[in-house]
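Take a look at the structures listed below.
Here subunit A shows up in two complexes: once beside subunit B, once beside subunit C.
Right, the complex of A and B next:
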C-alpha cells in the first residue's frame, strides 16, 4: 500500500503534468503570436506585434466574427430556453423511460460532429432552407442544447422545492412562482449553460462547414481558410485575443455565479 | 381568525395508506399540535391542509367552507416550514413582503405592515440582511413573520423548532407562545417532540399510524391518557399486566405475575379481567424505610442510576422480579430518604418504592 504522503505526491505530480499538457498549446499560441518570424517557430527569435496588425488581412474576419457572434448568441439563447423546459420535465415530472430520454437529449455531445453536420445539411436541403442564417442557428442548437440541459438539471436538483411551496402558500400562482422563485434559483445553471453553449457554437467548425455558403461564413471557417493558405502566425495573434477575452468572461462568470462547479457536476 | 375542521380525510400513496381517516376540529384562536413519531402521517396532514397534496376522501373546511377545491395560493394560510424555506435571493424585508406583494397591497401599506411584524418578532434592525447572513433563530422569526404578515386564516407550522439547538429552542418556545397569544391566530403545528407539543399548544392530538389516537389538553393527555399507545408514546412509563381481583372489603387490586399486587382506585372493574397498567416514573416515591401508612410499597434493590440533571433515572429491581423506572429528585436541603450519599444514588442499596393508587393508569 502507498504511504498516505507519497501517494499524495504522486497524485500531485500527475495533476501538474496533466495541467502542463493541457495548457502548453495555449502558451505556445500566445508566445508564437509575438514572434517576429514569418513562420510558426518555437522558441521565438524576436518580438513583434506585426501579426496583430495583420489580423485584418484574414478574409472577411470582421463580418465573419459578427456572424459567429450573432449565430452564437441566438443559438445559445434559444438552446437555454429549450433546456429550461427539458430540464424541468426531466427533473420534476414523473416520466417513463427517463434515463432514455435524458440520454437522447444529451446525445449530440457523444455523436461524431461530422455525422451531425451531414445529417443536418440533408435535413435542411429537404426542407429547402439550407444555407440560411436560421438553419445555421438551428443546426447549432442541436449541437449545444445538451450543455444548458446538463447545467440546468444540476441547478434544479440542488434547488429546494419547499421554496416554491412557501411562495404558493403566500399567494403566488404557478407562473409567478416560476418567475420569482424558480428562475432566480436556476440562475447559475442558466448562465453557465448559456456560456458553454455560446462558446461551443462560436468556435464550431465541423458543423458550420456543412451549413455555410458564400457570404454566410463564420469566424472559425475563415480562420481555417487562412491557415490552409498561409503559414504565418496571424491566426495565433487572433487566437490569443480570443483566449484573453474568453478567459475574462469565464472568470467573471465564475466569480459571480460559481459556474465551474455546475458544469463539472456535483 | 377562523375555525378549521378536518373531517375524516384519507390519503394513500400507491398501496400504502398514509392517512386512515383523520379528523380534527380546531376552534378559533386555538393552538393545536399534532404529535407523532416520524412516518405517522402528521406532515402529510399538514400538506393536505396547505393544498400540496389532495386527500382521496373526507373534507377540510375553514369556517364551514370546504377548501379542498382551492389551489394552495388561494387558501390564505400561513406556513412555516421545517427548514424555514426563506427565499435566499431576497432580503428579510423582501421575504416578508412577498405575500403582501402577491395580494397587491400598496407600497405604503406593505412598508407599514412589514415594520409592524418586524417589531413583533424583534428583528427591526436586520431588515436588509439576506437569510444566509442570519442565525437559525433569526431565520425562524423571519419565517414566522412572513407567514403572519398576510393575516392568514390559519397558521401551519412544520416542526417549527426542530432545527434549533436546545437553548435556542427553549427561548423560542417562550417567544412563540408570546407571539401566538399576541396575534391570537388559529394555529396547528406538527412535531415529533413531545416537550414542544406539551408546552406550546392548548390541545395536543397524538397521531399514530395514520390516525389521531387521542386529543386533549397537554396535562390531561399526559396524566390520564385513555389509550395505552398514547401513554407509552408520551413520556416514559412502567408497563405491567395483571388480573383484577377484589379483596374481602371489596377493594380493587391487580395481581401481576411474580406475586406483585397493586391496589387500585378505579371502580366498576370486573373480577378476573385482564388489564394493562402504566405508572409514570415520577409518580413513585423512593425511601430507605418502609412507610406502613402508604399502600403499594415495595422492597427492592437499585440496579442502575442515570443522572439527568433535574432528576435521576433510577432502576429498581423489586422483589417480584420487575425492573421499575423511578425518578429520584434530591429534596432541596431536606430529607434525601437515606438513599443518596453526597448527592449520588448508591447502586446496590436496598430501598422501598411506593405509588399512590390514584397514579396507576389502567388500560384494556
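Right, the complex of A and C next:
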C-alpha cells in the first residue's frame, strides 16, 4: 500500500502533524517553565528557575502529594490483589453468567466519573464515614480495579497452561504451581495494571473532590486550585517535573516488562 | 443423590467463589449499593423545591428535562462529545497507519509518546492548553505576527478550547485500539486487493477500514464516553456559559446541597450516554456486518 507515492505522502504528513499536536502543549509547558516572566508568554524572554523554587508556594503541596501517593499505592495495591483472583476465575473457571460479571466489574470505567463521586459521597454520609482516608481509598478502588483486571486477563490469555499441568503432574501442590509458574507469567500484566491503576488514582480529581475535606486533600485538587487562582507559570514547573518522572517510569516499565506490547495486544 | 450433586457443584465452584467473591462483594457494597441509593435519592423531593412532596416521584427528572440550564448543558455535552470524537478519529487514523509502516525504532518512539501522554496528569495536559491558548501564548503571537489580529484574542475559556483539549486527551484511547486491530489484519489482504488492481486509496477504503472496524468502534466509543463524562476539562478551559452536564450536577451537590436533583442530572447523563453507545454498537454491527 505504501508503495503508492501519493498515499505515502498523505499518511506521512497527516500522521506527523498529529504527533506534533500531541506533543506541542507538553513542549511548550517545559519551555514556559524556564521563562522569567510573571505571566505565561511565548516566545520566552528571559531564563529563570524561580518557578521551580516557587512550587512550594502551592498550598499544602507537600502533604497533598504524600496523601495522593499513599492513597494511590493502597488503592492500586488492593485493586491488583483483587484483580488477580478475579481474572484467574474469569479466564480459567467455567462459571455461569461470566459475561455479566465481567461487564459489571469493568463498567465503572465507562460511567461518568462524577457519577461515582456523587453516588459515593451520599453513601458515605449515610454510613457516617465521609471524609475519611479509607473512604477515599475505597472510592478509588471502584474506579481503577478494571485496569488490572484487563491487563491480567491479557497476560493470562497469553500464558501457557501446559507448564502448570506439567508442574502439577510432577507433584507440585496448587499453591506451589501458582507461586512458581502462574505468578511469574502474570508479571507484565500485574506490573502494567498496577502502574496504570496507580497513575489514574494519583491523578483523580472528579471522585476525590467529593470525598475530601479540610486536611484530607490530594495533589490534583491543590494544583487545580492553584491554577484557577493564579496566572504565574508555577504549575508549568510542576508539570515539567511530573512529565519527566512519568516518562522515566513508563520507559523503565517498557524496557523491563514490555507493557506497550501487552496493551496493543501483540 | 441430590446431595452428592450439590456437593460436587459446590466443590467445582469453590475456588471461583474464594477468588472472585471478595471483589464481587466489594463492588456490590461500594459500587452497586451507592448507585442504587443515588437512584433512590433522585426520586425524592428537596426541601428547597417549589412544591416539596412526600414519597417518590419523577419530579427531579422532569425538572432536568425542563430547566434551560440542564437542557442546554445536555445538548452542549452531546454536541462537544460528537465533534471531539470525530476530530479525534480523523487525527488519529493517520498515526496508526504511520505506526504500521514505520521501522521498529520509530514505532516504539511513537508508542512511548502515546503512553506517556496517557499516563500524564489530565490537569497538567489541560494546563498545557491554557499555555498554548494564553493571551501572550504562541498561537496569539503567530496570528498577530501574521497580521490576522491586531490584539491578542481570548481563545481559552471557550467551547473551542474544551474541544481541543478533549481531542488531545482522547488521542491515546483512539490510537491504541485501532493500531491493535490493524496489527491483526494479515498483510496478504492488502496485497490481494492491490494485485487485483485496486489502488492504495481504494484498498484503504474497501479493505483496511472495514477490517479495522472493531478497533475503530472501541476507540470512538471510549472517546465518546470520556467526552460525555468530562468534568475537569470544561472546568479548566471553559466558562460558566460553556458548562457541561457533570459540572451542573456537581454544582447542585457541592454548592446547593441539592442531592436529589444533582443525582437525577448525573443519572440522566449516564443513561443518555449508555443509550447512545448501545445504538452506535447496534448500527455498527448491522451496517458493517462485524461483531463489535
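Convention: the second predicted complex is superposed on the first by the 255 of 266 C-alpha atoms of A that agree within 3 Å, B and C clash if a C-alpha of one lies under 4 Å from a C-alpha of the other, contacts with A are read in each partner's own complex, and residues count from 1 in each chain.
The rule we apply is simple: contacts are C-beta pairs under 8 Å (C-beta built on N, C-alpha and C of every residue); 3 or more make two chains touch, one makes a residue touch a chain.
Since this is a predicted model, take the numbers as computed values, not measurements.
When both complexes are superposed on subunit A, subunit B and subunit C sit side by side without a clash. In the superposition on chain A, A:185 makes contact with subunit B only, while subunit C stays out of contact range. By the touch criterion defined above, A:163 lies against subunit B but remains apart from subunit C after alignment on the C-alpha atoms of chain A. A count of residues in subunit A touched by subunit B and by subunit C gives the higher number to C. Contact with neither subunit B nor subunit C is seen for A:50 once the two complexes are overlaid on the shared chain.
In the overlay built on the shared chain, the residue A:176 is in contact with subunit B alone; subunit C does not reach it. Put simply, the nearest alpha carbons of subunit B and subunit C end up 13 Å apart when the two models share chain A. On subunit A, the surface touched by subunit B in one complex and the surface touched by subunit C in the other have no residue in common. Contact residues on subunit B toward subunit A in their complex (touch as defined above): 50-52, 71-79, 81, 83, 85-89, 98-99, 102-103, 146-147, 150.
Against subunit C, the residues of subunit A that register as touching in their complex are 1-4, 6-8, 10-12, 14-16, 18-19, 21-26, 28-29, 32, 39-43, 82-86, 88-90, 93-95, 101, 104-105, 108, 110-123, 126, 138-139, 141-142, 145, 195-196, 199, 202-203, 205-206, 209-210, 220, 223-224, 227-228, 233, 235-236, 238-239, 242-243, 246-247, 249-251, 254, 259-260, 263-266. The residues of subunit A lying in touch with subunit B in their complex are 160, 162-163, 165-173, 176-177, 180-181, 184-185.
Within the complex formed with subunit A, the subunit C residues making contact are 12-13, 15-16, 18-20, 22-24, 26-27, 30-35, 37-38, 41, 91-92, 94-95, 97-98, 101, 108, 110-117, 119-125, 127-132, 134, 136-138, 141, 168, 171, 176, 179-180, 183-184, 190, 194, 199-201, 203-204, 208, 222, 225, 228-229, 231-232, 235-236, 245-246, 249-250, 253-254, 259, 262-263, 266-267, 269-270, 273, 277.
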